[in-house]
Structure formats: C-alpha cells, structure tokens
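Read through the structures below before going on.
You will see chain A twice below: alongside chain B first, and alongside chain C after that.
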Partner chain A sequence: MLDLMLNGFATILFSPTNLMYLFAGVTLGILMGSIPGLTATMAIALIVPLTYYMEPVQSLIMLMGAFNGGTFGGSISAILIGTPGTPAAAATVADGFKLGLAGKAGKAIKMALMASITGCLFSCIVLILVAEPVARYALKFGPAEYTVLMVFSLTINGSAAGKSIIKGLIGGSLGLLFGMVGLDPIASIPRFTFDQPILSSGIDLVVMLIGSLAFSEVLVQIEAVAKGKVKAHMPPPQSPDDERLSFKEYWTNIRTIVRSAFIGCGIGALPGLGPTLAAYVGYDIAKRNSKHPEEFGQGSLEGVAAAETANNAVCGANLIPLLALGVPGDTVAAIMIGAFMVQGLTPGPMIFREAPEVVAGLYAGLILSNLLLAVLVLAFYRVFTKVSQLETTIIFPAVFMFCTIGVYALNQNVSDLWLMMLFAVLGYIMVKLDYSPATMMIGFILSPLFEVNLRQALIISSNNPSIFFSTPITWFFWVITIYSIFTITRSRRKGKLVV
Partner chain B sequence: MLQVYKSMYVKIAHCKGGMGMKFSEATAEQVTGVSLGVFSLLLYFVLIPWQIADVKVAGVTPRFLPEALAIFMLILSICLFVNGYGKRTNVGQKYYSFAPKETALVVKSLLILSGYIVLLEVLGYLLTTIAALGLLMYMYGQRRIKILIPVTIGLPVVIYLFFTKVLQIVLP
Partner chain C sequence: MKNKKSWMLVAVCLCLIMVVSGCSQKKAEKFPSEPITLIVNYGGGGGTDITARALAKAVEPFLGVPVTVVNKAGGAGTAGIIEMKSKKPDGYSVGVVTYAPLAIVPHQMKVPYTPEDFKYIMGYGIYRYGLAVKKDSPYKTVDDLVKAAAAKPDGMAFSASGYPQPFVMQKIGALKNVKFNYVPTKSGSEAATAVLGGHVEVTIAVMADLMQFVKTGELRLLASVSSDRLDISPNTPTLKELGYDIAINSYMGIGVSKNVPDDRLKILREAFAKAFKDQAFQDIMKKTSVPAKYIDGEEFGKLCSDGYKESEQNLKAMGVKK
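Moving on, here comes the complex of A and B:
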C-alpha cells in the first residue's frame, strides 16, 4: 500500500497536467463554494461533463479537489456576508459572521482554513486505513447480501436526506423508476423508452445530475433575485493581529478540532447524512464541552473551528462506503460514482484489485488538495473575498450557460438539453415542496445495481425470497437498517436532525 | 380527492398577481399524495403493460421490479395523504409559497432557455449564447453596460474557445 501511495503522489506531483487539474478543481471549488447559492455539489456536477476527456486519476482528483475546496469555500461567504456559501457552512455563520463584524474576518477565515485542512487530512487517513479492509471483507458478498445492502442504503438515504421519511422515500423511488428506463439488464428488452431513441440506452447520469441538482438549484436561487441582493458590510481590521491566526490560537482549539474530526468522519462514513449535519453536530458538541460556551454565537474562534473541521472531515470519510462497497453515502459520492463510470470503472470492493493505481491517485489527490487549498487561500484570499460578493445577476445566467454547454457537450444532442430542462423543473418543484432531489439521484444510481443483484439472487434461489435472510451478513444489514430508521425517526421527533 | 384539488384551485385563483400560489403543508401533502397515487395506478395498469413486454425469463420478469415499485409508491402516496390529512388542523404549520413575482422570473428564465435550446443549432452557439446570457442578465436586473457587454460577449467566447480548441468538441 505504501508503494502504491508513493506512486499515487508521484503520479500527481511529477505530472504538470495532473497537478493542473487538481489546481483547477480546488480553485473552482473555492470559487463556487464562496458564492452564496452555488454549492460544492454543483461545482462537481458541472465538472463531470469535462471529465469525459480526462484520464481516470485526473478526473477524480479534480472532482475531489473541487469538493474539498467547495466545502471550505462556503465558509468565506459565511464569514464575510453572513450567508453560507454552501449548506455545510451554515453552522459557521453564527460565529464567523460575528468575527467578521468585529473586523476579524481574516482571522476567522484562516481558522476555518486550518480547521478544514485538519479535518480533511484526518478523514483521508481514516479512509486509507479503513476502506481496503472493508472492501476485502465485502468480496464475500453475493447478490443477496448486495441487495440487502442496497435496501439499507436506499432506506437510510431516503430517511435521513429528505425533510420527512415519506418524502425521502418518494424521492428514492422516483430515482429507482428513472433508473429503469432503457434496456432491461437481464432480458435486454426496452422499458419505458416510448420509442424515443434518446431513451433506449437509458437516461444519461450527467444529464439528470446537472438538471436535477445544479440547474434546479439555480432556479430556486433566482427567486432571491426578485427579492433583492446581498452586499457585504465588513469593517476593516482594527490591528494587524485581527488578520492573522497564531499557532497558539490554533493549538488552543486542538481538542475541539480533533473531536470534530472524529464526528465528521463518523457521520461521513454513514450513508445519507453528510457535511451539513456533521457541522451542526460538531458545533453543538463543541459548545457543550467548551470552557466558554457563552462565547458560542458571539464570535467564537472555537465555534468556527468545530463546524469547519467537522464538515471537511466528511470529504474523505464519505468515500469509505463508495470505494469499499460501491454504495454512495451522499450526493457527492453519487456524483463520484458517475465519474468512475464515465471512466469505465465500477467503484466497489473489486476496484482495489482492478485499478489500485486509481485509488492511490485519488487518495494522494485528496491529501494534496489540502496543501493546494492552503496555498491558494493564503495567496489569493482577497480575490476569493471579492468573488463571494459577485452579483447574482452575473453568476446565475453564467451557471445556466455552463449547465447547458456541459450537457450538450456529452453527445452533441439537443434532446439531452430538453431532458435536462425536464429534470430541472422536476428538481425545482421537489425543492420547493421539501423533497430532496439528492435522494432521487441516489435512487437512480443504485437502481441498476439493486435490480441486477435482486434478480440474480432470485434466480439462484429459484424465486425463494428467504435468500435475503440466509446469511449473517444479510441479517446484519437488516438489523442496522431497522436500527437506523428507528434512530433517525426518534431524532426527527426531537427535532435534532437538521440536514 | 376533488375537495382537496378544489381547495388548492381556490388558493391559486385568489393569489394576486396571477402566476403564483400559496398553500399549507397539509394541502400540499394531500395534493401530492393523491397525484402520486394516481401516477402509481397509471404506472401499474397502463405504463408497465404498455412499455414493458411480458417475456418469460429465469427468475423474475422485467416487469417485476417496476410493478413492485408502483405498489410501494402507492403505499407511500397513501401515507403522505394521511400525514397531510392529520396536519390539516395544526396551527403554525409551514406554508409553501410560489409567489407571483418570483415564479414569473423562474418561468421567464425557463422560456428564455427553451428558446435558447430551439435556436442553438439554428443560429449557432455564439450568437444564441450571447443573446440568452444578455437577456437573462438584463432580466435579473443588471443594467450597467460596462458589465453587461463584456460578460455577455466574453464568457461565451471563452467557453466556445475552451470547448472547441482545448476539448476538441464541435459546437454548432
């Protein structure tokens, strides 16, 4: 593994092209993350069409760089204009914006940066240590085990990601249904194609992704244009110290940072949760354990550190179920599955045998993205602060254009654009009515895997459903599915789950 | 069922400004529950028999999972309707708003983008993108010429050059 990792680092560091893609990914991520309304998810959704023309490592490091940069980027606008650039930075607003108003925006951004880097590096280490052993164990899984694993993943995603369990499951079901469009995976007969050539090979993942996640989100955001714009009113720093973050200030908060890193990793590794919840839980637990809980919400550096460490610690951890089991933990992981598939790779336990160099490159890219993040933010901090204040009248039309050109470039087919619009409208209505397009997307990605494994299991057992209860592994997944639903339902009743 | 749709129709009709509506969470859940239920029945009785041939293969047929999903969605739709019905007397429940001004902006954006898609292969990428970008920016309130012109011309040109020269993709 060490050899592979060194090879992974060498692949990136000694190749100017690879380094350039990583640099571009991190930069795009920070830029989009720092603009309120645009998210890290949207950044990577827009990058996916470009990855058709890249090598696997280039594609994956660019996407992971964008995710890492975008998750951090959200804190810039949270601190400067009191509006989280991404939902994951919502918990940062409470203290970050107060620090900004006190003229300490530079200090707050640097604390957010250091905390984000620590969180992400910690989760990278966990990913490297955990993913391969889990994958080795997952090689014992047969179709029945995989089917129950998919049921677990679909149920948890549906339960945790939507505003209500019913709505989450409806989103997941719609995704499963859209995933059935095209040729039947076993009998090879057309299903729901309506004699349209564009549907005969199924709905293109990227078309649905950009339509339902990126385009629809901008449609929701442009409503804000009709209501007015957001402007920054930051006072200048009172002293040079307000712009700096000392090592002592970082070290004073190290206990909070490490605790939040564990929380972010734990939440990131579970399907259906994600960085927003991680940030809130990290912030909440830090407040409860702080020596100065009264400072939380009034401009506490510890609060910024807690939230930012936790949300960035999700970056590496959410790759654990993706790489080890082939199951996306959240929307970003779902998009990453798409990026793997574009490259002809299938994430899951076999990837460690089939393409170990790609996995090592991905690990190395994620680690190096943190160094680039630090360099970029410290060097161009003022540029990013300007970007976070860009007018929505420029940003939203530009994103529309990126969405359309990205989708058109896939097959040079206008029909893809109409399909994208259809999913954009569906996604817009879903968001407006508190349904989660992300659950639909995850259902769509899992649909073929779920169906193939389900049908193979039933062929093996001569249509006897007891096969889904035949091994300890299937029982394990049934038990954790029921336990997770119970826990999520209880948390919702207490009003603790904010996703 | 008709009562639910009727109550929603009344709310739409009473909304000032035309293209907007506001309704409670209870109404929304009942309406979407009924709509999803109707869709599930259509899926089971019309779409699946029409769109999936009934072939015999080993294990379960290609219709099995879509049919199971239709039944599952029907159950979810009933749960959603019952959930909404139970909330109808709740005070302080959430209201969903499709305000006239905001909704009109979304619809106009979609119309401009639809026109853009129609004209893309007729007039070519550069011309249509410049026109659509300019229109959208103007519609969203951008009035400064020194921003409008450089962005509407510069951005499409940069995108065009990137895709055609760097990625070697032919654009219309």
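Moving on, here comes the complex of A and C:
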C-alpha cells in the first residue's frame, strides 16, 4: 500500500504533463467555483469530454482537482460579494461576507482556504485507510434511516432562522414546498407545474440559490444606490493583521474544524446528500457547540471554518462509496463514473485489483490538489480583494452579468432566467420582512431527499410506520433530533442564540 | 447625480439581458454546408452523453461538417427531444432519442410530441435488463421469488429506476396472482444499492449497473429480462425460457423532426450508418457496456410506435397513466 502510494505521488510529481493537468483542473475549478451560477459540477462536466484522449491518471486527477478547487472557489465570492459561487458555499455567506465588510476579506479567504484543505486532507486519509468498512456501513442506510436523518437535518433550520423561530419555520416550509415542484418521485407524474415545461423537471437548485441569495442582493443594492448610498463595496483592510491568518486563529478553531471534517466525511460517504447539506450541518453544529454562538452570522471566523471544512471534506469522502462499492455519492461522482468508463475502468471493488496504480494516482492527485490550491490562492488573493474594493455600481452589474450567464449556462434555457428573477423578488421580500432566505434553501435541499425516502420506506413496509423505529440507526437519529430541539428551545429561552 | 447613477445601473443591467438573449442562425443551399447540432437529451458525462459524443465525432468525416454536441437534460429525458422538435426542420438539428422518453413518458406527463412526430435516422444501442437478488438471498430462482411474494399479502418490494422495468414485475404478478411493490430510485446503481443494503429483496436494472456486482458475486442474477440471454452471463436463462412470456427492450437512437426533407434525411442516414461502424465509437460503446446494435431508421421508428401503444396498456394496467 505504502509503496503504491509513493508510486502514485511519483507519477504525478515527476511528470510535467500530469502536474499540468492537475494544475489546469484546480485552476478551472477555482474560476468556475468563484463565479456565481457556474459550479464545481459544471466544471467537471466540461472536462469529461476532454478526458477521452487522456491517460486514466491524468483524467481523474484533473477531475478531482476541479472538484476540490470548485468547492473551495465558491467561498471566494461568498466572502467578497455575499453571493455563494456554488451551492456548497451558501452556508459560508453569513459570516464570510460580514468579515469582508469589516475589511477582513483576506483573513476570511485564508481561513476558508485552510479549513478547506484540512477538510479535504482529512477525508483523503479516511478514504485511503477505511474506505471499505465505511462504505459497507453506509449501505445500512436505507430509506427509513435516511428519512430520520432528514428529520434531524430539518432541525438545523433552528440556527439559520435568526430572530424568530416562527419565521424560520415558515421559510423552511416554503423551501420544502418549492422542493416538491416537478415530477412526483414515486409516480413520475408532474405536480405543481401548471403545465409549464420549465417546471416539469423541478426547480433547479442553482437557479433557486442564485435567485434568492445572490440576485436578491442585486435588488437590495439597486435600492441602496437609488437612495444615494454609493460607496466602495468593501473597505480596505484596517491593519495588516486583517489580511493575515495567524496560526493561533487557526488553532483555536481546531475543534470546530475536526468536528466539521467528521461531519463532512460522514455526509460525503452517504450516497445522495452532497456538500451543500454538509456545510449547513457543519455550520449549525459548530454554532451550537461554540463558546461564542452570538458571533455566528456577525462575522465569525469559526463559522467560516465550520462550513468550509465540512463541504471540502465531502470531496474525498464521496469517492468512498464510488470506489468501494461503485455507487456514486452525488452528481459529481455520477459524472466521474462516466470518466472512469471512458478509460475502460469500472469504479467499484474490482478496480483495486484491476488498476491499483490508477487508484493510487487518484489518491495522490487529490492530496496534491490541496497544495496547488494553497499556492494558487495565496498567489492571487490580492487580486480578488482589490476587486472587492471597487464601487458597488461596478461590482453589482458584474454580479448581475455572471448570475445571468451562469443560470443560462445551466440548461441553455431562457425560462430559467425568469425563474431566477422570481426567486430574486421573493428573496428580496423575505430579507425586507426579516425572514431568512437560508431557511428556505435548507428546506429546498432537504425536501426531495426527505420525500423520496419517506415514501420509499412506506412502500417497503406497506405503509407501516414502525419501519422508522426498526433499526439502531433510526433510534440514534431520533435521539439526536430530540436533543437538538431541546438545545434550540433552551438556548432561545436563555437568549443565547438571539442575533 | 446619485439618482443618475442608479438609472445607469438599471440601464447596464437591461443591456446585458439583451446581449445574453441575442443569437442568430443562417441558412444554406447544399446539405450539409454548416455545422450540425446533435442535441443530447441527458446531461454531460452520463452514459448517453459519452456515447453520443463519440458518435458525433465519428460522423463528422462522412458529413464533411463539424457536429457540435449540445446537452439538454431534464423532464426525464424529454427536454432534449422537445428542443430538437422546436428547431427549424432543416436537418441541421438532430437529436438523441431514447426509448423511454419517446414511448413511455408521454403517457405520464404532458409533452408536445408523440413518436409519430419524428423521422428516425437509426437506432444504435440496446439496453439489456437483468433481475437480481443479494448473494445471501434465499431465492435461487424466479419461482422461489414468486412463492415468497405469494406468502406476503401486502406484497414484496423491488427497486428499479423508472419504466419500462416495473412492467416486468407487474406482469409476473398478474400471471401468478401475487403482488410486487415498486420502489422507484433515481438511478440504476441506486436500485442495485437498495438490494445490496438489504432494503428491498430484488431489483430490475440495466446490466451496466448490475454487472460489476454480479462479477464480485455480491448480486445473483436470476434472469435476463431481455429477449435474449446476456453476453455477460450466458448461463442465466431469460424470463421467456423460465415460462414467463415477458421481455422488455429499450433503445438509443438518433432522430430528426418529421418535416425534414427526405433527401436530407437520406444523407443523414447514410452518414450515420457509416459512423456506426467506426472503431473508436464501437470501443466507447463497449466500455460503457451498452451493446451496440444497428437498427435502420424505419425499423427504429416502428419499435418506438409499437412501444408507445404497448406502454399505454401497461401503464393503464398499473393504474399510473396520467
């Protein structure tokens, strides 16, 4: 195993071509990740056709580099313009953007970078050492287990809700409702579609995200400018310290980072969940366990670290079910299957026997992509922070353009743009009335997972609800759900979570 | 001054909308004299996309113009077909047409087409289906499975990732008077995972999704659900051989709007027929484990129209027709 890994590193480090592909993957990932609307998934889908003519290792490391770079890249725009570049960075906006507005964009980006790298490296280690047993355990999660896990995940709305728990519940329910638009997952019959072809396959997560979180911000800014508030978008750093991240700042958050790494890894190893949920769960649990929960949402470095560690930990972890079982963990992994197949390889247990050198190369590439990520970001973050100090009247038309192009690029469909505008208006109204669009996002992400698993479980048990209490895993999640609700209500009574 | 700035902001935004929505198309005399667009009805990087891109590359030298691939995913594979139909019927927009969105989905959701709205260039791949259980399952044959299901008045759960697969269990159930409950999953590999994890007893899936688990011995194939035995597992009997007169087949093909002139259709058919033989394309088909099979355009059209009528009956029998 060890000499195989060393070989894997050697194939990449001593081959300029391989290194170049990895570099290209990471760069493309960061670029696409940082542009709102273009996601890490799209970066990968773009690369796949190019890989037909590459060697297996080159192709896979380029793809993994893009995934890692893209998942991190989303945080750059989250911090600089309050717009998540990818859905996975949605949880980073709350604190990252506040830090940026305080002139600490450089510090926030570096924290996000260090957190991302730690998360990804941690999940690589888990992947290399215990992929097989973890994947076997993940198989035990059936529809009933997922359903109860979703019930627990809904409680994370508690900390995203802000001042009013009622408004949080309303936002979350709205999200659940929007998640039901499209084909009924069991009967494959359209519902809530009003016979509009655009709605027949449901509302796209990216369209919803860009509309309600990013585009609504453009509306807010137009209003502010109309009222005469033209200002530099972000102030320059107040002191050199605002640009730096000291080791102490990293180390004080190490508990949060490790916790988030575990959460990201666990969620990544379970097929179907993905980095966006990981980031929200990581953020929520960090907030509850923090010594300074009141800082969350006001520019907490810990919050940035929690969300960014968790989403990047998914990068390595979602290869666990893919390599150990041949089951894709999320959309990215599903596209990866195509990339493997083009090379004549089938991801799954056989691959360790058929092509161990490819697997070792893939591991090494994923680890090295973190190094390249650090080099690239540290070399160029000054450019990013300079850009963010331009006037709002320059920044937001650019945001407008990127959002529009990104959403259009999704399906090359103009109707998606109208849908985005609709959500922009909704997001704007929600912000004005003190509702949190984030709660709507969480509901929206959970809705399809919750519904499918709930209904699958009930088909399996012939409508007998006892299936939701049938295994130790379901009991475990019921217990932590109750604990979670208990802590939310208690801390609210104490006024600890009031923001 | 400040008000002016806000108006500028709005104006810039509006200009950008116009730029983004603008596009143009030209027309020409000799066919083909411009790039041809191949619309793939599934997303980038999936099995359909990979094979379609290989085909696009293979057909270029025979058409003498570039063939660009555009992905138009969504609506369970129907969005790409709708897009192709909406283009000018000049032969410059061809589309990948797969069996389910053509013959089955129109009975489930409102789509602006039937298989009769298209002319077909060729069919180029066949999906093979298998019926599988977990390796430690007590069921060694399809009969075992039916017997076990008969003992469950509420029915036995099976996983599959969409039609036509569930038709098989529904028909077995109707023949033997037992009940099978369909647990839909998003993909074939999820359907296989549900069996591996012990959450359902049996699955019907495309062989590409089952094959590797069959190879490692984690899943046991009980039957081929296609009309022939499977190349991958020649010892597994077909359902027909086991006495159940049931088989499902599903295809990948290339089509154009029915209004495309016949001379252009002929040029396209000839070029794609040659491209089918291309070695690089055949290799890709093999790697993605979709058996390549050439079906000429007319025959492919008939398969789809027949399938369209048949699945209407099947869906009615299952009580899930729209």
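Basically, the second predicted complex is superposed on the first by the 280 of 499 C-alpha atoms of A that agree within 3 Å, B and C clash if a C-alpha of one lies under 4 Å from a C-alpha of the other, contacts with A are read in each partner's own complex, and residues count from 1 in each chain.
What we mean here is this: a residue touches a chain if its C-beta (ideal position, glycine included) is under 8 Å from a C-beta of that chain, and two chains touch if they have at least 3 such contacts.
Note that the structure is a prediction, hence the values are computed from the model and not measured.
In the superposition on chain A, A:Gly25 makes contact with neither chain B nor chain C.
Of the two partner chains placed around the shared chain by superposition, neither chain B nor chain C is touched by A:Gly168.
After overlaying the two complexes on the shared chain, residue contacts for A:Lys140 are found with chain C alone; chain B is out of touch. Of the two partner chains, neither chain B nor chain C is touched by A:Pro56.
Contacts of A:Val225 after superposition: both chain B and chain C are touched.
With both structures placed on the common chain, the touch criterion links A:Gly344 to chain C but leaves chain B unconnected.
Applying the stated contact rule after C-alpha superposition, one finds that A:Gly74 touches neither chain B nor chain C.
In the superposition on chain A, A:Pro397 makes contact with both chain B and chain C. Within the superposed three-chain model, A:Tyr408 lies in touch with chain B and with chain C [touch as defined at top]. Taken together, the two structures place residues 186-187, 189-190, 222, 225-226, 393, 396-397, 400-401, 404-405, 408, 412, 414, 417, 456, 459 of chain A in contact with chain B in one case and with chain C in the other. Residues of chain C touching chain A in their complex: 2-3, 5-6, 8-10, 12-13, 16-17, 20-21, 43-47, 49-50, 53-54, 69-76, 78-79, 82, 105, 108-110, 154-155, 157, 162-163, 181-187, 189-190, 192-194, 196-200, 211-213, 215-216, 284, 287-289, 320, 322. Those residues of chain A that touch chain B in the shared complex are 50, 53, 164, 166-167, 169-170, 173, 176-177, 180, 184, 186-187, 189-194, 219, 222-223, 225-227, 391-394, 396-398, 400-402, 404-405, 408-409, 412, 414, 417-418, 421, 424-425, 428, 432-434, 451, 454-456, 458-459, 463. Listed in rising order, the residues of chain A touching chain C in the complex are 44-46, 48-49, 52, 139-144, 183, 185-190, 195, 197, 200-201, 218, 222, 225-226, 228, 230, 271-272, 325-328, 334-335, 337-339, 341-344, 346, 348-350, 393, 396-397, 400-401, 404-405, 408, 411-412, 414, 417, 452, 456, 459-460, 462.
Of all residues in chain B, those touching chain A in their complex are 28, 32, 36, 43, 47, 51-53, 55, 57-62, 64-66, 69, 72-73, 76-77, 79-80, 83, 94, 96, 98-99, 101-103, 105-106, 109-110, 113-114, 116-117, 120-121, 125, 129, 132-133, 136-137, 140-142, 147, 151, 155-156, 159, 163, 167-171.
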